[in-house]
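Before I ask anything, here is the structure I am working with.
When the chains are written out, they are named A, B, C, D and E in that same order, and each has its own residue count from 1.
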């Protein structure tokens, strides 16, 4: 659990945000770093892996470039992040959110008309994936400027290749549009990656239900419990995306074009659909618990019925057998020839009567 | 379950929407296609089945035609859909929603005043039906222009014939109004088709309740479970219709006339009434589970009472019989003539006392 | 149940509303019809039963009449309804709602300033009553014009006589005000008729609680179930009244005077109070179920305690008696004179010890 | 229960409000009446018990009087109420609310700027108290004019003496402010009288919890039930106070001064705090029920464990003893010298094995 | 419990607020008092412990001082509080809230543009801490002026040292900003101190879950109960912080700078994140109770199965043994040589058959 609902780890009273100068002093993480840069315009496209970032930031982009997308995967190279933060003047609070990687999805807009700063948007999303049957999620941070996009993720939990393909495809809608459309496409990829996960949980709920009706075992309640918790986590990740997309779509911001806004409406529908499916699954999971409890009660009833039927038939007969096992000297029945057969007749009649009573009560 | 809460199946990162050129390349589905066209004005009406769509789209509508309704049933003819999408310039996102058939009900409006595009509305509804006791639902897509309506559904799960009859009837309110009134009439037919389904579930809930009180069996809890899930699905389909009708009624759009708006208010009342009935049934279904659980507990009580009554009466008596079955050599009672009758007297008194105690405790 | 949450019975796809010409063709219901007309002004009042409606509608109202109230009870005379619908130009949708009698409470306003039609309000309310211990409700439809009110109800489930008395009373507030005040008075009568019903359910809940504590029997859970369902129905009827009164009070409409608006505020308070009481009773009913379940569990505990106490005392003793009933040839104890008394001493000591243990555990 | 959620007792269809002339004809209640009048200004204060009200209302207030507070306790003197209602022109609806004493807290404002009437506010609050361990509440009605306040309560369930003391205290904030500040002070006294009651319920919940853990008896569930119902009633009384204070604070009304508005913000905080504490206690009470149910289940487990342990050990042994009590002629074991000791060895081994099994399963 | 949801202890009817003159007369509390004053500007900083407050308040601040922060820890020196309240003209209501220390978090703003008073904000927050495994919380009161901040807390439950360090650090963002940024930093420290507490509860929930699956004992339900109550208290403390931060961020107030507003947005995200985590934990705690109940039911099933298996096998066999222990004179079987072995064969066959039946029912 601790690993899942990530929390902001901060020293109470410490300064908020991470200043650009502090970035370099942070303990360098481990893991590979891959920084790539894509420039494209409707006519042209160029992709490069960046090895020497200092060299890269000192050059201007080619003139034909309409959109530049710098994609950072892995945070261990603190110098690279410092160079980008300085070059693109990222806000200290955004840098903190970016590096901590524990933010819930949100969108912040900085600057713009009437402000001395350039208009910027900082979008935080979380990419979901299933690894070894466990739900994982990782922060994806997107900086959106007028014609530049920076994306940051630590572990490559979402693959950008399909989007790179669409950029390469001449005449594609993505290639012909602006940076905000690229941002939309990235968010769309993140949101749509939730659908296979929903299917995974749909299958799991169905399996559990079948199991529940066939072999209600105590392990199932733990599985249902786990399912509920995963759905809780799913909701925790997806719910704020609703607000993110709504803000992007509704609030006018100079970085977001009208075409993008129409597509964001479609994305909003997807997010709503996902949220509704999650809520539905949560209700189904609750019903599963209820069904489990009632199946346990039913089994208890079955068990008790068996004991009661056996007990009710044999306990009185055992008493009767006990009576004729007594050693009283004057015991008239014992001497009769008919006594033993009559005993059996009484036993059979008693047992049959009991069985009929139970059948009438629907116990058999 | 998987089959019911349909999900958007999309490859994460794939391009959003379906461009007109892509339609033809989609794998052609199976099933019949039927495309019909109705033109009508208060004075005149003409209906035709369209066999050669290319020929059809190359002609203009007759001049007297006030409203043209093109009704497509079945999607397997990709060329026909491509031809219509091109002729009526349908938005790629709308084409995607149309073909996937997994959208929740919604309404999107495009273009209109101050925009370079023509005003359009794209309405998605879901038609409900009961087949073999199972709840089915299918997407119905409606494109509404100034004087044209296109409807698309895959399996003819809702019959438009009553509406066609009303168009044929000279002087009918539908015939005398514009395209938006036809759109309203289609939505009204879809919404009203829910009432027989509600009645079906009302009957089922009532049957379950009677069964519950007469023969509470474990199968019933599964039936209640199924009822709950169907109501969940019903709500999932109907709930967004509320918003659809509200948006159509409240937001001013040049395609929707004032007369239609008054009728939409009535439709809105119907949707609200359906939603309230569904919620009420959901509460009743919850109560049924509760009643089931308490009836199971009651039966358990009954069972245990029987065991306890039998046990409490006979266990002590069996002990007594056991005592006089012991083989101690010096056993004064055994030699008494009165011993055996006294034993029975003690047994009867003990049993009767117990029965009186139980009666006082309301156990019998 | 089916009889209670009435549903709109309509053929999907059928035309919405009932045109004036269609009224006459509807199958005539059975039952008596009573149509009365009251004209009043602060100075004068006249009441008449209308036998010949055609004659009546062809005349104008007397000049002194400030408010005319036409009160229709029973719908079997289709011609009368047709005549009134034509004379007062009732909207087809309103006529449909009126005749079907299955609408939830609502208020629709037509026409008014800037419209070609006269200002009208169509108010639907539902009158509640208890018949043979069962909750009944019936639709009351009110058409409000500038100085005319039409009321329609099928079964006279609410009595207008107290209101007629107040109209007859010279100088009464009702007599001195306009048509909207009469409409308010009618709604007030409908709403206030709920208070005795609330008291009925308050008594019933109290009775159930007493019963529950004294004789918790399985029948009570059904009674609680029925109580819950009746409260659900009550809420279903009253809840939309809140909106009706609020709309009447808040939205400015030329048919509603300022004086009426002040009185509607009071009516709104009453409706809120009723809703809160219903919600409170619903919570109390839920608590009753909980109490029932815990009382059932307690009884189970009692039952099991008895069985366990008896079993725990006598099962070991029976074993001991069985031991000394064995027929081993070499069985030293059997020959001792002290054996039998010692056996009893052991039995008594064992039983007393057990009883002390149980007492310490609070089982006795 | 009936006595607690008071309901408006009105004859359906009866005229709304109580006209001034009708007051005198109402059946006179019993009980003492005490009417007092306080006039004060920053410099001067005068208090008088009013015996002859007719005389009192015929005089004007002294010129120096800034605020006049007429305080009525007890309603049995109908003439007095009629005199006051006439003199201060109270609205018939307000008089009805005042005399019925069953209103939920609310605030109504009449007249004011642009109206022919004088600005007035009619505030209904409910004073809570604990009598003999039961929650009581009574209506306190406050009429607020520009410089006059009338308060009405039937049973003196709240004491105004502390407020009278503050008026007498020269230079007190209350003395230096206007009538609305006095109204605020009265409401503040009513709201603050809830805090000791909350403490009472806090103690009670704590006591119940301790009892629950020590001696879970069926009586406790009834106590929890009672606690829940009292909290329901508390909420029912306090919840609308939130709206009352908010309306007084937010909506500009000429009778409420700016200074009072600042103090009302503080009162609003108190009301919110009370509501949150009530909600918290309600959740705690729900948890108590849950804890009770789980403690009952635990006890059941304990009971069944004892029966099962005893039964599982002795039932097989009793069978064995029964076997060697059989009277077969050819019964080899019976003749062996070692048979009887071996029997005991088997019994002891069997019993010890069982006990070890139970210990491993944590049953002992 | 009583100690946790602190309540305003006030005498109903007593005057609201604490006038400056009354402060000195309040009973002096015990405990140490520490008052410190920090003046800082981007260039300079001075910190002093104040021993003689009267001397201190009579002097003006140094001219270079941009922000002055007076930090009071401990309330026992009533004279000091009186001196500060007078010097900074604190509102009587704020003084009352400050000294009672039972306020829920809130923000009040006084004065400002268009008012005769200086603009002031009074912010109440609550600092959380864990002491001896129990959740503690204490009120922190902050007065914010244009360039002055006063903070009051009774027990130093939150440490300001990290913030003092940041003030001392030349060039730090805190040092370069205004008083509102200091207020933000204090609130940020208070909010961030909640994260370790959340982690504490996350660990505790995880521990409980592991325990529940391994050794479900009645003590655990009490621990879950305690966890739930602590989360309730956490929510009670944090929930109003959301509103506090939102008000500070959204509502324009001359004391809050634009830079601070951007940082408050970040703080708002933190508060939302905390609230969501608390809600998630609450759902997890509810699930734990459910899991506990189902594990208790499962154990009951296990226990009953054992009893039933033993009973069902041995009770009939004991009857059989009883039969052949009877003393009838004419008892043909007893004399047969094969009888005894056959008896055992029957017993073994019966027992094995039962075991097979149980295995098929999944009872073994």
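For this structure, a couple of remarks:
Keep this in mind: contacts are C-beta pairs under 8 Å (C-beta built on N, C-alpha and C of every residue); 3 or more make two chains touch, one makes a residue touch a chain.
These figures come from a predicted structure and were not determined experimentally.
The minimum number of touch steps linking chain B to chain D comes to 2. Homomeric contact chain A/chain B: same residue numbering on both sides for under half of the interface positions.
Averaged C-alpha coordinates put the centre of chain C at 43 Å from the centre of chain E. The mean-CA centres of chain C and chain D are about 26 angstrom from one another, to the nearest whole unit.
Counting only residues that touch two or more partner chains, chain E has 293, 297, 300, 304, 307, 311, 315, 318, 322, 325-327, 331.
Taken as a graph of touching chains, this assembly forms a single closed ring in which every chain touches exactly two others.
Of all residues in chain C, only 1-2, 5, 7-17, 19, 91-93, 103-104, 106, 108, 110, 215, 218, 221-222, 225, 228-229, 232, 236, 289, 292-293, 296-297, 299-300, 302-304, 306-307, 310-311, 314-315, 317-318, 321-322, 324-327, 331, 333-337, 339-340, 343 touch chain B in the complex they form.
Contact residues on chain E toward chain A in their complex (touch as defined above): 158-163, 166, 172-174, 185, 188-190, 192-193, 195-196, 198-199, 202-203, 205-206, 209, 213, 262-263, 265-267, 269-270, 272-273, 276-277, 280, 283-284, 287, 290-291, 293-295, 297-298, 300-301, 304-305, 307-308, 311-312, 315-316, 318-319, 322-323, 325-332, 361-363.
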